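You will see chain A twice below: alongside chain B first, and alongside chain C after that.
Now for the complex of A and B:
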């Protein structure tokens, strides 16, 4: 049974239009309704032209990231009643080209993240006592980053400099340094050692604040700087680069 | 071992790391020098620096004179690099960037020369 009707103010834009606008829809909500389900309800019952992306519905795929009340969120895990807001304002991610309504074009985002060639799995820190079967040294788990783009949307430098690698790509580079799994850490370090890379960050940590997956991209950028600083200082004082 | 040649997939390594290090160290030095400055002003000079003559004598002391000049250089370097970072956020063209670099260098050098000159004048009062 619906517990309430909540207005949703949604950003709308279609290709060819000069500017976007907002449409408001009243949506019946119960205690379990997430923002994503509310958007799907609008699409099903009120306006089938509403465009959005989603896949897993449980914060594993990162596909649905958008702004909810001005903050980067995965709407699949945001409970509408918990927001305690009326209306709930829903907008597409920032700093990523807009396709339509709530859909952004992630092509450039992936093109930035992929060169780091971060492994998709990492050493698992869970159940350290668990015995592994013969032939397996340790258990692995999937990487934290779900490539949702929330960090890039929140980053003020990504907003002002389209050439900036962005927090997700830099965090991916740090993963190669941290746990190479056959990659070349020094190449990853060289890749980010420039003005468009890790030195461009203004340490606002907005990326870390909004990351729904605990990646801490801001911290990873600082780790890259720390490692490169060590190398530069070693070089300066004659100890040679690693 | 794979070799994806990451270095060929983005801009080349540049001076930005070195510039960041200078800014970081000058920032740290600034904190240390400011602390020293405050301690000297409030605790070393008995009763604090209250009169013009006291200030002049204090500034003329060789150790304070040297510290003030180091402070001047550190503060100028830190400020100029900070200003540069903000200007680069405005995404100037390559030519404009070169002009910015030269202009900031000139401003920095001028500030340091003027500051040192003033220090000498004060020390001779």
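Now for the complex of A and C:
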């Protein structure tokens, strides 16, 4: 049974239009309704032309990331009533090219992340202890990065400098350094050691703030800087590069 | 050779595999999907690469199909799976009783199965219930439900297939009784247009009844949703299954930093309106905790529903018995007097490649082509290649 009707104010844009605008839809909501389910309800019952990306519905694929009330979120795990807002404002990610409505084009995102050459999943692992139940916040696995683009959307440098690799790509590079699994850590370090890479970050930590998976891209960028600085110091004192 | 144009409706795992298969056979391929790729049933499954063991007692045809495809996918999609195997755990005497038929069934289907004592099982999985009596290790694995199909899409694209997302079918065009193409709405530009084709493949899973109706043919589909529950934290390394005949809440699949408990089953009319029954979510907790008690105190991440395509018997099949397989179904609607239109539905994520092979064999035969399937030995591109 619906417990409330909540207005959703949604960014709309179709290719060929001069500018975007906002449409408002009233959506019946119950205590379990997520923002994603509300958007699907609009698509089903009110406007079948509404475009949005979604796939797994449980924060595992990263497809649905968008702005909910101005903040990068995965709408599949945002409960509407928990927001306590009327209207709920929904917009596409920033700093990633817009296709239409809430849909962004991830081509450029992957073009930036791919050179890190990170493995996506662990082929096999048996942990000798239980990694529970504190949740994924309590330990760091790069696989937690679901490539949703939230960090890039929130990053002030990605918004102003198109040459910047961005937080997702740099976190991926650190993953290769921290746990190479057959990859080339020095190659990853060399790749980020420049003004488009880890030295461009202004340490705003907006990326870490919005990451829905606890990857901490800001911390990973600092780790890259630390490792490169250590190598340079070793070089100064004649120990050569690792 | 005439460059035949095949048009696929539906951008889930099945459509992806059909596009890849037909592109490799040299056809011109266009796929349309009304939303994002894998936004229907495909993206929402629990991420299990089946060993087939789940079906080894009651449905050996499915079991054999699963173990064959399991091995093929590991070969053609390296890097897509966490290959930690799976356990079937017995926590009651009834479960232990079932384990005999289970191990026998696995042997009959060619599924490697290794019986473990409780102590051996605890060494692999420290979170298992203290009630565990024994376990059987089988070659289950886990996958990313979206990124494996993306590799099929990526490979299809590199072989010339055109993948048109946000392109919704609004009608099917026929000349006489032959399907000649489709009418679509492009949601990115808000424009309608037509796409002509020599053959149309309906790969829309639980939506296949709706699409078939546009062509004036019968696909008796009932969308059958199941509930899944994602918990934060990795409760297990391996896929944990309950040693029972298939039931609610009988599996826990680790997905990187999450653990997914599945699933239940009911029937709805509209695949776009599934709902999320509260008692089903509770059942995931109750049944999951019988295998791994910490299910009860792991932090909640998400609960959701996904619709399986449950298929009944068509009038034409009852008469001809032509359905290709009991595990999935490929219908050539020529038997209802409509040419140029084929439906593939049913099956499971693990068997997407095999379903596509069977469907594409029908497609090339209908077009009078001789072009063998090449997907068994063709390694798939990385998923990122879909975007870049």
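Keep in mind that, in the parts below, the second predicted complex is superposed on the first by the 222 of 242 C-alpha atoms of A that agree within 3 Å, B and C clash if a C-alpha of one lies under 4 Å from a C-alpha of the other, contacts with A are read in each partner's own complex, and residues count from 1 in each chain.
Going forward, contacts are C-beta pairs under 8 Å (C-beta built on N, C-alpha and C of every residue); 3 or more make two chains touch, one makes a residue touch a chain.
In this text, all values refer to a predicted model and were calculated from it rather than measured experimentally.
Let me test your reading of the model: by the given contact rule, A:99 touches which partner, first (chain B), second (chain C), both or neither?
second
Who does A:199 touch here: chain B (first), chain C (second), both, or neither?
So A:199 only meets chain B here.
Comparing chain C with chain B, which touches more residues belonging to chain A?
C
Once the structures are superposed on A, label A:184 by its partner contacts, choosing first (chain B), second (chain C), both or neither.
first
Applying the touch criterion given at the start, work out whether A:161 contacts chain B, chain C, both or neither, answering first, second, both or neither.
first
Considering only touches as defined above, state whether A:18 meets chain B (first), chain C (second), both or neither.
neither
Which of the residues in chain C come into contact with chain A in the complex?
Touch residues, chain C against chain A: 35-39, 42-44, 47, 79-84, 124, 126-127, 144-147, 166, 168, 185, 187-190, 228, 230-235, 237, 255-258, 260, 272-273, 276, 278, 294, 297-299, 301-304, 306, 383-384, 387-388.
Within their complex, state which residues of chain B touch chain A.
Contacts found on chain B: 1-7, 9-14, 16-21, 24, 85, 88-89, 91.
Using the touch rule from the top, collect the residues of chain A that touch chain C in their complex.
So the residues of chain A touching chain C come out as 14-16, 32, 34, 40, 44, 48-49, 51-61, 63, 76-77, 99-101, 103, 106-107, 109-111, 113-114, 119-127, 129-138, 141, 143-144, 213-214.
Give the list of chain A residues in touch with chain B in this complex.
115-117, 157, 160-161, 165, 182-184, 187-188, 190-197, 199-200, 202, 225, 228-229, 232-233
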